Structures are given as C-alpha cells and as structure tokens.
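Each structure below appears as structure tokens.
You will see two complexes here that share chain A, one where it goes with chain B and one where it goes with chain C.
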Partner chain A sequence: MTDSCEMMEKTEEISFKRVSKDQKEAEKILRPATTFIQDAWARFKRNKLGLVGLIIIVIMLIFAIIGPMVIPYDYRSQSLDNAFKAPGAEHLMGTDNLGRDMFVRLAYGARISLACGFAASLISLGIGVIYGTISGYAGGKVDEIMMRIVDIISSIPSMLYVILLMVVLGNSLTNVFIVIGVTGWLGMARLVRGQVLSLKEREFVLAAKVSNVSNWHIMLKHLIPNAFGPIIVSMTLSIPSAIFLEASLQFLGLGISAPMPSWGGLAQEGISALRSYPYLLWFPAIFISVTILAFNFLGDALRDALDPKQN
Partner chain B sequence: MRRLFISIAVIFIIATTTFWMCRAVPGGPFDREKPLNPTIIENLNKKYHLDKPVFEQYIDYMVDVAKFDFGPSYFYKNETVNDYIDRCFPVSFILGIFAMIVAISLGIPAGIISALKQNKWQDNILKVLTTILVSLPNFVIASGLMYFLGYKLRILPVAMWGTPQQAVMPVLALAAYPLSYITKMMKSSMLEVLNNDYIRTARSKGVPRGKLIYKHALKNAILPVITVLGPMFAGIITGSLVVEKIFTIPGLGQQFTAAITNRDYTMIMGLTIFYSSLLIVSILIVDILYAVIDPRIKLSEGA
Partner chain C sequence: MNTILSVKNLKKYFPIKREGKFFGVKHDVLKAVDDVSFDIYEGETLGLVGESGCGKTTLGRTIMRLYDPTGGKIIFKGDDITELDQKQLHPYRKDMHMIFQDPYASLNPRMTVSEIIMESMINDTALSASQRKEKVLELLDLVGLNSDHATRFPHEFSGGQRQRVGIARSLAANPKFIVCDEPISALDVSIQAQVVNLLKDLQKRLGLTYLFIAHDLSMVQYISDRVGVMYLGRMVELASSEELYKSPLHPYTTALMSAVPVPDPDKERQKRRIIVEGEVPSPINPPSGCAFNTRCPRATDKCRGVAPSFTEVTPNHFVACHLFDNEKKEEKIQ
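After this line comes the complex of A and B, so read on.
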C-alpha cells in the first residue's frame, strides 16, 4: 500500500512538472499579431506583378516630377533646324516636327496624364462615396430612386457625354479633370452602396444606433472606414480608365490646348508622321500603355491584398 | 411594356439635357474670328429659327426629334443631320457588326479554354493577353496595325473604306476591347456553371467530356454573356470615333469627330441623341432576348 502510494506521488511529480513561463509561451499556436495594413502588405508582396506595377508607377511619378527640371530642353521652344531628329545622344527620344525635344514633352505629358488620373479618380471617389453611402444607408424608396438614376446614366456611353461636356465647358486642364471625374463615379457609388447595405446590418452599427450616435457620425466613422479596402481597389482601377479617357479625348482634339503636351496629344501628332518617323508615335504609345498596364496590375494585386474575403 | 416606357423616358431626358447643354455654350454658332455682317447673322438666325424664344426652340426641337428629324447642320449648307446619318451610319454599322462577330467568335472559345484549363499555361497566356489588350488604347492598336501590316508588310491598305481588305484593320482594332471583355465574362460564367451539381451528376453518369461541355455546360454558361452585348455595343461606338478617324473611314464616328472640330452643334446634338437612342434600344432588345431565351428570368423583376 505504502509502496503504491509512494508510486503515485512519484508519478504525480513526473507528469505534473511545473513549466517555466517561456515554455508555455512557446506552446501557443499563434502567429504574431499583425495589423490589417501589415497583413495586407504581406499579401501584396507575394504578388510579383503588383510589385512590378507599383515600381513602374513610382518611376513614372519620379519622371513626371523631376524630368522637366533635369532635361535641358523646354517643352515649347521650337527650332526648325532640329526637326525630326532621330532618337540619339543629344535628344534621347528624338524631336518632333517643330524641333521640340520628345523626352521633355513626354515628361510634361506624364505630369498631365498622371495628374488627370489622380485628380479625376479623387473627384469620382468623393462623389461616389457620398452618393453610395447615402443611398445604401437610407435604403427603401430613396435607395431605389438613387440607384435607378445611376442605372440610367450608366446606360449611356460615358464617352458621349464626356465629349458633350467638354464641348460645352471648353478646353482646359481643370475641365478635363472635372468632366472625367464627374462621369466616373457611377461604379464607385454602386460599390459603396453595396458595402454599406451589408455593413449597416452588423452589430456595431446597431450598437452605435442604440447609443444615440447621429446618422452622419455612423456613416462617416463607422460605415465608410469599414468599406475602405474595396474603395481603394476600385479607385486604383479607375485611375487607368481616367488616363485612357484623357488620352482618347486629346486624340479627338478635346482637352488641353497646345503647346502643352499630353500623351494622347503626342500620340495623335505621332500618327500623322507615322510613315516616316514612327518613333514619334511609339514613345507616347508605350508610355500610355505601360502606365495603364501598371495601374491594372497594381489594382489587381491590391484587390487580392485588401479584400481577402474574395478568395 | 414598363421597360419600353422607361426607355422612351430616358431618351427624352437625354434629348432635353443635350439641347440645354448646347444652348449653354457661350457664343452663337455663327461667331467667327472675323465678325460677320449683322444682317447676315440675322438672316442666318432666321433660317435656323434661332430668333425665336429659347423655350419655343426647345419644343420645336423635341417635336422634330420625336419624328426622327434632327434638323439642319450648322456647318454644311443645305444638308441635314439626317442626310449624314443616312449616308454614314451604314458604314459604321457594318464595321461595328463585324467587330462584334470577331469579338464573339474569338472571345467565347477563349473564355471556355481559359475556364477548362484554369491556372494552366493556356489560362495564364490568355490572362496576360487580355490584360494587355485592355491596357492598350484603341488608337495604339489601330496605329500599330497600320504601321506593321500597312507600311512594313504592305499586305493591307492603310486607310479608306470600300474593299474587304480595308475593313480588316479597323475591325480588329475595334474588336480588341470587347474581345477581352467577353473572354473574361465567359470564363467566370463557365467556371460557375462547372461547379454546379448537375454537371457532377452528368459526369458521374458517364457523359463524355466533350458532350458534357457542349451539351450541358455551354448552354447555361453562355447566357450571362448575352447581357454584356449592351456594354460591348457602347464600347464599339466609343471606339469607332477614334478608329474611324485614324483609318479615315467615312462613317458616323468620323462625322461626329468632325462635328466637334467644326463646333457644329446641331450635328453634335443630333448624333448624341441618335447614338444614345440606338444604345438604349439595343439594351432593351438584349433584355427581351434574354428573357425569351432564359425563362427563369422575368422582366418584371429587374424593371
């Protein structure tokens, strides 16, 4: 009896050894706590195409900002002696029909196109978020009417009323921003409305409501921040379409006025000399396409990173 | 019926907005750098009924539009906007139809391949190709084709309209964007259908793979693609503005671009209304077709 008692005590000692705190921690099956942003960045880094897109965009931004300061030419000074110089050491990307350096014109074009992309998508972001939030939060009849308006506007090709608005407002850079921004918010409004519709049924909104938080406060502080991921993705994807639209407008002769260059305008000038001096078209065409491609890659990567629910 | 009514209302709203927007433009249509003789302007205003009050002009215009009469052109003397639509629209129509045929007949098989070989090399190649096609503005595609096929290889004429060879490049340039759109759409719809229970049932009872895809999956997967025909049509209209300009095709798109340059307001107004009505009617037809083909969908739900 005493033997077995001793045995038991012994086994107890063996099986229930105290463990130190460190060991306890080591047993925990937990990954280090990450914030949403860190998590998203980790997912983003895995996407090679997205990284490439980001790098291209950063290079383009640097080119747009620093290019005009560094290149020893001016976008409008003409010298007919130097017209149609092929790309070489003196003029990196050649000169156009008036002897203007293409490289510096492309840098100014980058300013215009990128500014247009960002400004237009910011405008459509603003309108779309406000419209979508109100529509989704109000619900019922208001929502139905607001969304029917969106349906009606989106049934007309945006190019048509962009052209009409440009004709009415006249050619200027701010008008291009406004027109493209004002016509591009439909998708954003739909997206935000969808997000708000599902978010407003969640408990935290109910909790806010019962604690007498005002409707505006709920929309601004609770609903919009929670829909942030999809909003950012959609904004990134709307930048290339704004650049695309600006280039097409410029191509049709609407947009900013000469001599200020934009990529679309440069491409249009290039086409008229396509047969003899094709480089005048290739460079702007490559710049436009690569930038749009980069934004598309970035947008897709951001979608995977910020919107994990989709997978 | 309700859908029809909404469509007419939308066309009416578009016509109204277009009219007032064009009236809001500062400066009259006959302002020139060198001012014209006042009597000439007065006579011109009388000829185009611009001396009447604006609201009366509006009523007149709306009545005319309801009769499909878009009035005279401000820029071309003795010709009406309708003359131009009659003359130029058939060209644009043929161009658009061929672009659609190319986009559909290449896009649907590409989407099917992409769905069946998901994440294999065929899918990856198609994914990269469609992303590139979406990122290339149509004037880049058009001028690229023009340079390589027209100038370098000299196998196709570079511009104008009339022979089948001249149609090849514009059609390809126009088809590029809708093509990638349809491919993506077809792929996602095919993937969705392939996950359905009835496909598994068919597979487990031993239906051969080819028959499974063509008889069971394709019929259901192709339905959602019909709905993109509307947006696709819009894309082709927009594209035709640029493409017709590049290839100097005497179509409606080029007429529209010229009207912008000439500030020919009646032409811009008329063509905008014409294009939008065309689009709205075609969306309506697509919706009705969709309901006829797929009895699971009732029009009253969406409308």
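After this line comes the complex of A and C, so read on.
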C-alpha cells in the first residue's frame, strides 16, 4: 500500500493529477434519469416506417372522430336524385346507389372498424394475458390442462364458431367486439405463457419469492411488465386481423345492421356495382388496406423499440 | 456458539424426462445435492466451494426453500422448515435473504432501484411508506450508493453497482442469515474486492451470518471462517478455512488447493500442482461408492463399493474419505 502511495505521489509530480477520493462522487451517473417509455420512444423515432404507420393511424382516428361532425351529410339520409354521383367537388368520394355521401359513410365506417379493432384486441389481450400468466406461473398439471384446452379450441376453425356465435348472439356492434375478442385470445395466451415460463426462473423472481411477496405481486410487478413488449407488439398486430375479421363478417352479412356502414359492408355494397362504379369498391378497399398496413408497420417498429437490447 | 441453521442429510433430486419407447416417459434422477449435512453458527461465514455443476447453487436455493428438498432436514433457528408451505415459511423468510449470482438478471429491469429495495419491506416490516423511503436511502448509503440512485433503473448501473443494489435489497428486512450465491463471480476482479469488503464490513456492523457460495478459492479463504468443499452434490470436506488451506485431507481438496495461484512467481514455479485426471462424472448416474473414485489417485476397491461417511477426523475437521476411516492410521497427504 505504501509503495503504491509513493508511486502515486511521484507520478503526480510528473503529469497526473490526483483524482478526488470521494467515493460517492465516483458513483454519480451523469446520464439523466429516463424511464423505460422514454427510452422506447427514442428508439421508436428512429424507425421512419413505424412513424409513417403511427401518423396514418392518428389521421385515421381523427378522420373517424371528427369526420362525421364536419362533413355536411348524413350517413343514412337517402336522395335518389344524387345516386351514383362520381367523386367530385360536391361529394368528395361520390355517392352510392341510394345517393348517400361515401365520404361520410367511410368516416362512420372508420369509427366502426377502428373501434372494433381496438375493442376486440383489448378483450383478447385481457383474456389472453390473465389465462397465459396463470397457466405459465402455476406450471405442472394446471399448465398442462389449460394449454390442452387452448389446443382444443384452436383446432376448430375460428370462422365456424364466429358465425355460430354471431347467429346466437344476434347482430350488434358490441356482439361483434365480443365475438372477435373471445376468439382471438388463443395466440395471446400462448405468447404470454411462453414469456412467463422463462421469466419465472429468472433471479429477480426468485428474489421476490424470498422477499415474501404474494403471487399476485409477482405476476403484476415482475412477470407481466417484463412480458409487456411482446404483448404490445402482438396486440398491435392483432388489431388489423380484428379489422379484417369484422370486414369479412360484414361481407358475409353477419356484422352490424344497415344502414350503419362499416368498411367491410361498404366494400360488399361496392362489389355489386364494380363494373359501372368502381370507386364504390376502391375507396373502402384502400382504407382497409392502408390501415392494416399502418398497423403492421407500427407493430414492427414497436417490436424493435420495446426491446432494450436494441440500444 | 449458537447454531442458526443446520442442514441434515439434505437431498435434492431433479427428475429428468427421457423419451420412453412408445408410450410413457422414463424418469432419470439428477442428484444435484446428495446427503449433505452441516451447521452454520451465528455470526460466522461458511464458505462453500466446488466446481460448476457440483450443486452449490442448488444447495443454497434448497436451504432458502426455493426448491422443495427430496429428503433430509433444514433446521432454521431451532425449527424444522423442511416441510412448511410457502405461507408457513413467511416468518422464517423474514430472517433470511439471498444475494444472487448474476447482477444483470437479479434486478427487475422494469422497477426502479427504490422499488426493488422496498419489495421485501412490504410484508416483512411494518414500516409506513415514508419510513420505507427513508430506509431505502439509508441502505443505499450503507452499500456506498447515493440517494439520486433511488429513482434509477437497473440498466443504468454497472455490474458492481447492481450487485450493491442486490445487497441493499437483501438487507432491507433486517435478516439474520444471508445466502450469498456466487455474489462476485460475475464481477471483474477490482470490483470483487470492493463487494467482498462491503460484505465483510456489513457482517461486522449488522451481525450477519453468511453462507458464501463461490468457486474462487482465495476469495473464499479471505471471507470465510469455515469452508466446505463440494464434489458432485456431496460435501467432501469441511474445516476452518485456515486448517483447510494449510492441511487439506481429502484428495479432491488437496488437488483443488494446489490449483490456487500464489502471487509470487518464485513460489508459484516451485509449487507442485496435482492434476486430477478425467472429467467430472454426470450427476445423473454418479459412480457407486465414493463419488470421486473415478478420478482419485488413491482410490481402492473399497472406494468403488462403499460410500464413505462424513466424519469428524480431527476436532471440527470433517471429511468423507476412506483414507481416514481409521484415525490411527491417518496420514496426511501432501
């Protein structure tokens, strides 16, 4: 020790300065404190395609919320004199066979389709996360039984019981949410279970067990937050499939009832007049595809942004 | 000296699934901890050394009842805690905690440092929210971190700092006994000394008892009062650290000790290293008799057939080896 002190003194004379001995000072972190969300946002901003997706979704949301208030037409009032007007100054996207303005109908359709996408994936998120967490955390026989139930449900074609449920419950917007949500949670449950299985062996979960906290605390504070990234990504990617499923239900005549429009319903109406008035199909089709594409971009960008290893 | 923890013939076997012929699954057992007994006295540090995969970590976790033991007894502060369920364990777990091996995996990346440290105060102490905050700052100060670290997330810290957060967490509920599961092996050497000195200092100040698991022999010698050597799930030798390093008895310990590097080039050159031949056998099908017989230079037929018992050869020096069955014939191997 004394040797090294003398050495230091010598070197100090030559060129080095003695560093302050204050231990506390040495432990200081200069980087400003950032939360997980701030970090993720910084990474997200770097992904241009993801930003484009987010902007499109925001525009769609604004269109869905404000559109019907601003556009001076009603989605249900018919005027047969104005039927099949081509897109122009008066009717931005033309009118349909009953003379209803397509632009306002698309705005209402956006409400239905987006609400359906969000609500249905929230329902499947809720069921899937709870089911998957319990299954993965309990493990053993419980896990075995719960996962076999998932396997059995997923072996039945989903369209089959979507149609069955719609027939039983009847056509209404809430029923569409419920049916799509109730059938879409299987993938989420599997994903969450897989995450939980690997997380529960991690040392911080063992530390929590040693700290005498309850199982609920472990699930809510340790398991679910750490599976959050993949969960959000999977939810974002499940929104377009919910929108798609709603559109196909509408296409089959099982969705919400007329005259309330949804994108799928508008596309179905448009198809009958495809030869003479193609814009009646084009506009809803473009809205559906652009929105789904935007959600896919957003999901991919979130996948990268929420992974802390990407820093 | 009061015994705080005593482990009697502890066994932990893991079932391993193997494909059956067509239906059914055959089960093999991996004997991670096999018939281990020792006592830990209040205020001491018991070191536990052995190669990777010899069951040190499993032993530590089984003592904490993170794993359910297959057999044997764990007696903590006079009460048998072997059969207790998670709820019944609560009062005992207040008095024990654990420091983990990997400081990168042992802190939840989604919680701030103060949330992490506070966790064991929720159920183990009767502190109010503001008292808890105060206690967190106190603990941070104790381990040499400062108050503005409390709001940070683990990824902003270096390995040594994280390990100190882990130490602060383990102290939060004022435990008496701490299992240190290789707390320094993931850190680089300069930080290792820091953390070990911190642990020693805390022990003196707070009167803690440690079970210190490691594979760095010189570090274990430095921190421990007594040292146990494990091989393939069994305890082969247990003695005070001075005695063990000066005059190891078991052939395995002798070989281990000869591998400790001496920080003096002249001595190091003269030193005779005992090289143990072969590989560690699989704990799934351990050799019969003494587990070390496949590699022991002095193995006899008896070693291949009968497992040696763990006996006290000289006062407080336990060894499991047939060479010392008859104390009178005892000879020390160099």
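The rule is short, and it goes like this: the second predicted complex is superposed on the first by the 277 of 311 C-alpha atoms of A that agree within 3 Å, B and C clash if a C-alpha of one lies under 4 Å from a C-alpha of the other, contacts with A are read in each partner's own complex, and residues count from 1 in each chain.
Criterion: contacts are C-beta pairs under 8 Å (C-beta built on N, C-alpha and C of every residue); 3 or more make two chains touch, one makes a residue touch a chain.
Not measured: the values here are computed from a predicted model.
Colleague: For A:211 in the superposed arrangement: first (chain B), second (chain C), both or neither?
Modeller: In the superposition, A:211 touches chain C alone.
Colleague: Can A:203 be said to touch chain B (first), chain C (second), both, or neither?
Modeller: second
Colleague: Should A:164 be classified as contacting the first partner (chain B), the second (chain C), both, or neither?
Modeller: Touch partner of A:164: chain B, not chain C.
Colleague: Have a look at where A:69 lands relative to chain B and chain C in the superposition and call it first, second, both or neither.
Modeller: Neither chain B nor chain C is touched by A:69.
Colleague: Starting from the residues of chain A touching chain B, keep only those that also touch chain C in the other complex, and list them.
Modeller: On chain A, no residue contacts both chain B in one structure and chain C in the other.
Colleague: Show me the residue ranges of chain B that touch chain A in the complex, using the header's touch definition.
Modeller: So the residues of chain B touching chain A come out as 10, 13-14, 18, 21-22, 24-25, 131-132, 134-140, 143-144, 146-147, 151, 230, 234-235, 237-238, 241-242, 245-246, 256-257, 260-261, 263, 268, 272, 275-276, 279-280, 283.
Colleague: Can you check the complex and tell me which residues of chain A touch chain B?
Modeller: Its residues touching chain B are 152, 155-157, 159-161, 163-165, 167-168, 240, 244, 247-248, 251-254, 264, 267-268, 270-271, 274-275, 278, 281, 285, 288-289, 292-293, 296-297.
Colleague: Touching residues of chain A toward chain C in the complex: what are they?
Modeller: 23-24, 27-29, 31, 33-36, 202-204, 206-214, 217, 221-222, 225-226, 228, 308
Colleague: Give every residue of chain C touching chain A within the complex, in rising order.
Modeller: Spelled out, the residues of chain C in touch with chain A are 61, 64, 66, 86, 90, 93-94, 96-98, 100-102, 105-111, 116, 119-120, 122-124, 144-146, 148-149, 151-153, 155-157, 161, 166, 169, 172-173.
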